[in-house]
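First chain A sits with chain B, and in the next complex the same chain sits with chain C.
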Partner chain A sequence: MKIRIVLAAVIATTCLTGVALADTSSKKIALSNNYAGNSWRQAMLKSWGTVTSKAVADKVVADASAFTTAENQATEQAAQIQNLILQGYDAIVINAASPTALNGAVKEACDAGVTVVSFDGIVTEPCAWRVAVDFQKMGAIQVDYLAERFPDGGNLLEIRGLAGVFVDDEIHKGIEEGVKKHPKFKIVSSVHGDWAQEVAQKAVAGVLPTLPPIKAVVTQGGDGYGAAQAFKGAGREVPIIIMGNRQDELLWWKDQKEASGYETMSVSIAPGVGTLAFWVAQQILDGKQVPKDLIVPFLSVEQNNLEERLKQTEKGGVTNVEYSLNDAQAVIAGTK
Partner chain B sequence: MSAVILPAAARRSGRIDPVRLLRALLPALALALMLGVIFSQQPRAMSYVGLTLLLNLSIPVILATLAQLCVITVNDLDLSVGSFVGLCACIAATLLKDTPLLGVVALAAAIAAYALVGALIQWRDLPSIVVTLGLSFIWTGIAVLILPTPGGRAPEYLTAIMKWKPDFVPLPILYAVALALILHWVMRSSFGTMLRGAGGNPKAMGNAGWSLLRARVTLYLMAGGLGALSGLALVGLTTSGDANMALRYTLMSIAGVILGGGEFTGGRVNPIGAVLGAMTLTLAGSFLTFMHIPPDWQIGAQGAILIIVLALRAVLNRAEERS
Partner chain C sequence: MTADDMPSPASASMRDTPRRRRRTVPVWAWPLGAAAVILVMTLIHSGGQGAGDILAAAVTFSALFVIVGLGQMLVITSGPGNVDLSIPAAISLSGAIAMKVMDGANGMIAVGLLAALAAAMSLGVANYLLIRLLRIPPIIATLSSSLIVQSIAIAYGRGLKIKPPPAFADFCTGRILGVSNLALVAAALTALVLLALSRTLYGRTLLALGQNARAARLAGTPVTRTRLTTSIASATLAGLCGVLLAGFSGGSSLNMGEEYLLASIAVTVIGGTSVAGGRAEPLGIWGAALLLFLIVTMLNTFGLSAGVRLIATGLIIVTVIAIGGGSKRV
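Presenting the complex of A and B:
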């Protein structure tokens, strides 16, 4: 594995200094985005702007404009993709409104010789590339981490997301998988926090009086701070709560760490994943062999880099990283 | 009905009234202007492939708009057409593909349900807005039951029909012209005049012995049929279904009818104008992308296009009244 990464890095540097610049400098890449109405998407667009404007300035690509549909509707995004084909873009990077309803437009793009890379909201059309999030693993690694901390196991409280949404289902499955793998843990209760601190706080406060001592809380992000407040409000000892990279969660964790040496971990997807998709598209245009399905690396915050990550995170935002060409090549090499 | 009246009026007065002519041509002018700007920004769009790509998503919008037009003819409004199109698309992507017979039955049942709703509205004298708003949730609910997560696959023949590349004329234009002419012919026929009369002066129609129930049921049946066709066209284009994929069509179809010269009351509808209106609205989004207008402004800009065209029409109406 290590050799592979070194190898990838070597390839990366040769690409950076050599052929890659010449090959894609005339190419145009567009971002087709379906929604911009929350902090995650705003951060995603901002990262895209930062990374691509530098890439354009460095003449890696000729153009990398971002287009967001006015309304979060698949039909509108399909029309947008068709317009982008007409405007002569060589590659379209998509965060899709629907995994299937854009397939016609995506096929149209592929037939016109346009490279299509989808990320976060991926499309199922086989001719497109997918930079997907392994949400199941995001659930499973939480239990793995806890198993390391508490080899003897214990009671878990699970906070789920918005009922009926694909992401909630996947993370939940991952957590169940994890508990199966580490049978000493037991989920004693499960509530829906809707990825929002206030909702999570209310939901946890509602079930707390009926619960036995809780060793840890497994979460989906955006709900850890609320859970902590609920435990505090009930006068119970705050267990280990897995965080989701939100600024308020990290800040609370830092305060606890300074006060009592509180230890936990935090994991989520960086909004900068759009820039990873950008580099993947650039690599494909460069003629590189890239597998159709790539997995986004998680962005986790650990005990020792908490302060640094918190500093990078905007107030009310989510911890973000912007990916580089090297990161993209490492991801591509990793799945090969 | 403005365009429908036009030839007769012109014949009577012996000359063409420029104001009326301008008003009838307004939807066509708006569309031509928008296409002109897009072509000047991107000459590549002015080709067979370009026009196909620009306009092919307008086919389901045109069908949904014509469905809405049928309902507006009897002074009703259909707030469920978007979710109905979504439902038909889901049926097409699942039942019609796997068990064709069941799929056809399901589509027929959905269209029949539309006719029944028309009968119910007439019989109990219910406000159509309330009934169809409620129905929109029912349609989406059934669609989610049929296709819980986005997916399914369009039957090959639907994809083939929507991806067909005829000689010379781009497919969307061919379909648009055909639909406009058919609906125009239906609405101008003696039967269509009766249907429009049911919206124009229902009391007189009733007194003259026409069945208003029959008129409303017929129009709702037509609306259901066109809505189902819209769903089939949409799924043929997207190749798979999603229960929420056409929710926007509800408001677009109403705007398309009005933009095309129709009125909310009085049975005044104009199928040719509605087709042009639907195409204009579909193009409005593309137009703004081609103009590089930032997305934050796009909803506002789309509204502005609508307001400008409607304001022009109001001005022309006023000018006509004065003369």
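Presenting the complex of A and C:
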């Protein structure tokens, strides 16, 4: 009996000290970010700042600084990563300028014993972790939604992102698959909007006069408001435009909803995904077993939670959630 | 009245080519002709559908490129190595300032416009000081000032996309007799620049400066003032474009100036302005801007894949410059 109690006590203490032993309070995590010039990246950096400064204050980690390169160049970011290795960071969280061009620098980091977690713009180097987005699914669910709304199908206008970028190809593939699954839909035109409202507006305005009536517009985010402006400018009835969680898009949607009962949906990745990557890095430093490939949950806005989401979204920003340690653990457990 | 009736600014460059060119087609007509061909091909593909609307959209969007292009043209004309890379930053900052100051109120339109243009003008002055006082090459000077300004725009504009005042938005998207107001503004500015280049001391000095800076200085022309004016003009035109763009597309955004950097240089050069300086073609900018817009429209209408689109765009631009440029070099 006594032995049992002692044993239990020993086990309990080991468990407790186990937590204390895997302490990350002396660990330093850096964010290497390649670009900050749009609202999504701004929100990402802000979320990173909010979550990590609390983590530092709570002594979960010693340091979690963010570094952004000025020119959005892979070479510049590779040099930055080398600097971060020299500065003695224990983990580097990367939003990469290129999936392959940073592999050399990432390998150097791994060899130096630095944990590398990439997210959003992921790297293919096998020693790094990837907090990736299922972009194909992001395209496919748009068509799924439309199939539910319009069982008879119709003409679709597709607004793509920046030509030649991985994300653009993936979402496009997803949309094509969605159309294959729901063959009553037909993509009558596909333009590049570069994820920017002004570019999307220009591209849609140019092609619109040659198009038959459009039932819906499938998008990649950051282009829905521009598309709406182009339809309005051409004096055509505005079709169902899938939105991408930008505040201007949601605000426009709300105005239309109030004026005419306009219904659509909106889906994107929360910029707070950076904080998810932060917690994943912390968990790895903590000695937890984490699979190399993790999938980020989507953040979607529906007709019934539009007002609530819009209220949470900063003016000019993107609908966001900041992830907690528990969220990260759930994502890790979900992939296992 | 066509450009042929008045002494075209291009004629200034004839002094350094002793042989008179056999030139029946003015330089600015080439890109315009190419744009027309592209439009016809688009219409053939679409079965003639939407001709008027495509043209209206092309003229509207081109107007913004023309406004920026005019400024870039003045800078490039002032001599080899001169280029303004701070244009995107000027666009973003002015758009942000205008929308924030106007704050959706019709009464504040003039104030917002003035504030935005004032900010752009200061950028122009700053660029000039960097280039002339600190002797930094223009490419580096405007690039670094653009990094600073872009950061200011980001800090200032955080939480933006404030809607433009209704009256201003109506103006920017409106049309008079079927021609968009933006195009009218751009046309007025083009006329102003044409006039300035051919009839004013500023214009003549700028062309002389571009052809031979040393000779221009020794001839006693106001070189310093001309350079300063050019720098301010470019930044201010970019700023105006930013304000109009924000009004046109329902608010400003951080990256709205991005596509104007290379585009402003492209429309200038495709339009026939000499990269070496000393020869400006304001009318060519219209043709080039229309061409760039219509190429995108055509390729979108054809539904080609992204790679093919980029290759086709490159080939078309090279072809236009080769044909147009060939006639002026011989």
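Everything that follows uses one rule, which is that the second predicted complex is superposed on the first by the 312 of 336 C-alpha atoms of A that agree within 3 Å, B and C clash if a C-alpha of one lies under 4 Å from a C-alpha of the other, contacts with A are read in each partner's own complex, and residues count from 1 in each chain.
By our rule, a contact is a pair of C-beta atoms (placed from the backbone, for glycine too) under 8 Å apart; a residue touches a chain by one contact, two chains touch by 3 or more.
As the structure is a computational prediction, the values presented were derived from the model and not from experiment.
Asker: Between chain B and chain C, whom does A:124 touch in the aligned arrangement: first, second, both, or neither?
Answerer: A:124 sits against chain B, while chain C stays out of touch.
Asker: Please work out whether A:190 is in contact with chain B alone, chain C alone, both, or neither, and reply first, second, both or neither.
Answerer: A:190: touches chain C, not chain B.
Asker: Please indicate which partner A:75 is in contact with in the superposed arrangement: first for chain B, second for chain C, both, or neither.
Answerer: It touches chain B, and chain C stays clear.
Asker: Which partner does A:208 reach: the first (chain B), the second (chain C), both, or neither?
Answerer: second
Asker: For A:248, select first, second, both or neither according to whether it touches chain B, chain C, the two together, or no partner.
Answerer: In the superposition, A:248 contacts chain C only.
Asker: Which partner does A:36 contact after superposing on A: first (chain B), second (chain C), both, neither?
Answerer: After superposition on chain A, A:36 lies in contact with both partners, chain B and chain C.
Asker: I'd like to know which partner A:225 touches here: chain B for first, chain C for second, both or neither.
Answerer: Only chain C is touched by A:225; chain B is not.
Asker: Find the residues of chain A that appear in the contact set with chain B and again in the contact set with chain C.
Answerer: 36, 70
Asker: Could you please specify the touching residues of chain A with respect to chain C in the complex?
Answerer: Contact set of chain A toward chain C: 36-39, 42, 70, 160, 163-164, 168, 189-192, 194, 196-199, 201-203, 205-210, 225-226, 229, 233-234, 247-248, 314-317.
Asker: For the complex, which residues does chain A have touching chain B?
Answerer: Residues 36, 65, 67-71, 73-76, 78-80, 82-88, 98-105, 107-108, 112, 124-125, 166.
Asker: Hey, which residues of chain B end up touching chain A in the complex?
Answerer: Contacts found on chain B: 42, 44-45, 49-50, 53-54, 56-57, 60, 149-152, 234, 237-242, 244-249, 282, 285-286, 289-290, 292, 295, 298-299, 302.
Asker: What does chain C use to touch chain A in their complex?
Answerer: Counting only chain C, the residues touching chain A are 42, 45-46, 49-54, 57-58, 60-61, 147, 150, 154, 157-162, 173, 245, 249-251, 253-256, 258-259, 293-294, 296-297, 300-301, 303, 306-307, 309-310.
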